[in-house]
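Next up, some structures in structure tokens.
Shared between the two complexes below is chain A, which pairs with chain B and chain C, respectively.
Here is the complex of A and B:
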């Protein structure tokens, strides 16, 4: 862990001029200030059959060079919260309130025009399915050049050269020749590499990766993760990595935020989260991972169903499925509370849990995680 | 691609031969014959005169014999002589073809422009008042009989308002281009109506589908303007099926010209076709129908080629 932290800090320092160049206004205390600070973000979908409370007041911070994994099951609100940061929530979704501070500026207060200038330049996004996320009828050269021409004002020739360099950097062979190829002429892994090149074209300070490896073969997944980590070392951007795969993030995230029912239920450094989970849902997730060391062990699952998001939260969203639930869990929504961390450090952003009974829960999960060593090596 | 086109062209030959067999049989199956025009005059005509007339035209022979004679000549480029005018059919068609192509062309361009604008705006502003209005208007446009719509336009713009000529065609030499174009306006609108309605619907649906695609989200995530997102990423994809349908519909436009030309006394092939039908002018009918068949087959090929040209994922071997 300590080795990794050192790496990230070096990367952050190395990228310092980049980050400052990307931002306007704001003072010199950039190194300690988070590049992305999301506060009390609430996104709802007003559908005909009622309002869906997709994201219910989540807050997190992201510093330069840092990787925060946002983990949760389908419908937990992780993708919607990412799209909210981008300002790309599809109708009928609306951001009800909250702040999205990117390099100190609140994107939710910015005009659509200002947000367009930020998108792809200061904050970029890689999506889940590389097969459908590239436009099938435009050449990849054209699509790669778009952010360069749009944000950096490059001419056609300059953008073409830069696009070829980007393709080369993400590991596409013969990049100059392949600029005039269309997406279907590339493999799934190559397409995701191109998506990453496109997202990082303008060297954004924040990269949001929305399950970028889910649609890929396992061997390709590892390559993509390795590529993103390399690029993070080079460019020093902060990464918000959205996934449902706890094992995947174990190897490379700095911190993990677990989402459930539109809220963050627990957040901690990656090692701490596995060693000392303080929310029953996190514990359930860890317990449900298949074990490699004991082939006879049965897979455990979390009983019950995810909460109905049509009603505004009035209780702990996990209460109905929770073995630990007490009366208070049904009556009061637990806020994210600071938990003393194993490392002895405490304070905001160290270890937080939204469980009234976090104090009763300490210690590693019984049906231990498949071995963090393997996950670490894999990534 | 060249090999593909060549193969498709070769495939057309047996197809067109088959079509001529069916057309010939259907025309001959209709009651009455070319002598009907003589008999309808009401005067007594000696049956032997009628027989001699039929023998001179060759329609006294069994139908298969007539067909073999016709196809033999047609393969050598001779479509025969019109019963009613005794002029070569090829000559008559070539004489009338420019007027029809002019009407088809202007209706096609008009329909394409209007459908593009209406379809795009309806998709971008889905469920707006404009979208609802264009939806209703489209159903009306598809459902409305062409002849009725033509008569209404003639009444309103030709008779009541007097803005445009009711029918006919201004001579280019006499009245000049502007005068001639005035005559073109109403027939073009009438002929284009159902295509405006149809194509704008197709484009709306196709664009709505495209705008929901993941690559649109990617384009927005790059910070592209809404114009670039819709115009470049959306329309480039949405137009592929629509343009193919437009190419296919070109042949239908030829059929639509028949009715439109008749209403507006437009001196094209359509009107000549109607006259030929009443006169049982078999060679002229066969000539025009053959032209229509060739158009259908050729525009089908054009549609396939256009589809491949627009969609890089499609390649013909």
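Here is the complex of A and C:
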């Protein structure tokens, strides 16, 4: 045990390639460059009634084939951070500083023209509401063909054939005929499939999925998740999956980053986050999940309100709602600190928590999740 | 391909619109073909047969100079339709451009363009046209241009409002996330979605322009005699409205038919342009 002092980590993390364990765990480790590396990203909205500190210096990395879930409640900055990566923050929002390195190139330094070339080709996005994400007056064939013609320079005929193949791949029956249908002729689930086909048309290396299943009913949710995972296996893209649903991502994310008040408060491998959460907010979120094994259990909630983002952070954003808060939490913003991992590994990218008292927390929350066996092991 | 056929299918389901297309087509063809169809010259005065009621020789009768009214309605339509269509096209293009740019770029651009629109709105059309007409000789084209330049504001405002709401739609963000440029978003995503109100504005503009030309001619300030327009024919007829009604009825009917037909077509177009309103019958 490394004791009570976590190694404070610089928000802008070292750029050297990091060492991750091989998938089989036997052959030691291999080196993988992250495809997307976000460093110290800060996005603010300068409104008439004040500056909204939507994203306050978040950093994370994403490797090929990996899925990082960005979890947080409404207003935690998860969607804004995704739009910042795309360079699509709507006015009056501006990216104040930070780096967004996509395949080694800083998108925030690139010109708008260069960024347009990157969008849809190297990084693409699927949005929350499939009912409004397609243009109602254009046929889906024309919309699917758009990224193909724009980025891959396909001609009309070639793009049509490729669009039909994409429709087929995402599971739309009769793809060739349905290309000339309009969006309203498809169901919500089908429209989300089409959005996924559009996003993956040019085989981007990063897919940002901004709550893509929130607007769909539960059975369709599962189908969409399964489809995206299949396509990930096939194309090997990295996925940044934004959601407020901790239970949803438990099944398929590799790592989870929990956002609160515009900062990442905890990041860990998915199993470890559920087994050994080291931030009071994460613990609160896990405790508030409904339990299926005990139907009489009352739903718990976290008391208080999310922080006012108009004030720049001077304390731990969660301090006012936290049962564990001490004086230090009010005075100093806790940085993300390395936490020794359940798996025995430590170091960047393993387990990080932005809580001064991470070492006092630990073990699984009493929630309906596997992994309780490890409870207490590191407490 | 089938997108087009869906459009035509819907338009043809709209019976009034279809009938209007036929009426307007026949009317336009007749006016364009006036030199071939007209039984007389439009300025042929025949003092031996003035103010005659409709007959075999003169289908719509004759006016107070003995000129054949049918001939004059055909020739008058050339001017009136030209003014209507040309000024509507001008107003629609100008109005859509101003509206879409103002709505899309917002902020300072929006402010400047919308204040310009307010100023243009504040110019009283009829007095200005009267002043212009008293300094220059009004031709059909010059009148169309002036009317067009004075009637784009409604379209601009409507299109701006439409774009303001459309640009917040998720599909615009989705298009951006796939690398579309602003120009492409305007052309491919915003304008097609705003086409309904644009077309309605255009059809209204056709009617308004024809009526405006009529009003000016009625005041004696439009296209000058002996060139007939539907408007100045009405003006000539005002003194004898009660005693020689055909002089009023035929040019009036021509205006009515045209304006009605254009409005019905606009109605049909609006439905045909909205894919979700297209029924799958």
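Going forward, the second predicted complex is superposed on the first by the 335 of 379 C-alpha atoms of A that agree within 3 Å, B and C clash if a C-alpha of one lies under 4 Å from a C-alpha of the other, contacts with A are read in each partner's own complex, and residues count from 1 in each chain.
Convention: a contact is a pair of C-beta atoms (placed from the backbone, for glycine too) under 8 Å apart; a residue touches a chain by one contact, two chains touch by 3 or more.
It should be emphasised that the depicted structure is a prediction, and the values quoted were computed from it without experimental measurement.
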Fit or clash between chain C and chain B when superposed on chain A: clash
Contacts of A:180 with chain B and chain C, given as first, second, both or neither: second
Which superposed partner A:137 touches (first chain B, second chain C, both, neither): both
First, second, both or neither for A:86, with chain B first and chain C second: both
Chain B versus chain C as contact partner of A:289, first or second or both or neither: neither
Those residues of chain A which chain B touches in one complex and chain C touches in the other: 86, 88, 116-121, 124-125, 127, 129, 132-138, 146-147, 150-151, 182, 184, 195, 198-199
Chain B partner contacts - residues on chain A that touch it in the complex: 86, 88, 90, 116-121, 124-125, 127, 129, 132-138, 146-147, 150-151, 182, 184, 195, 198-199
Chain A to chain C touching residues, read off their complex: 86, 88, 91, 116-121, 124-125, 127-129, 132-139, 146-147, 150-151, 180, 182, 184, 195, 198-199
Chain B to chain A touching residues, read off their complex: 213-215, 217-225, 228, 232-233, 236-237, 240, 310-313
Complex contact set, residues of chain C against chain A: 1-3, 106-107, 169-171, 173-181, 188-189, 192-193, 195, 273-276
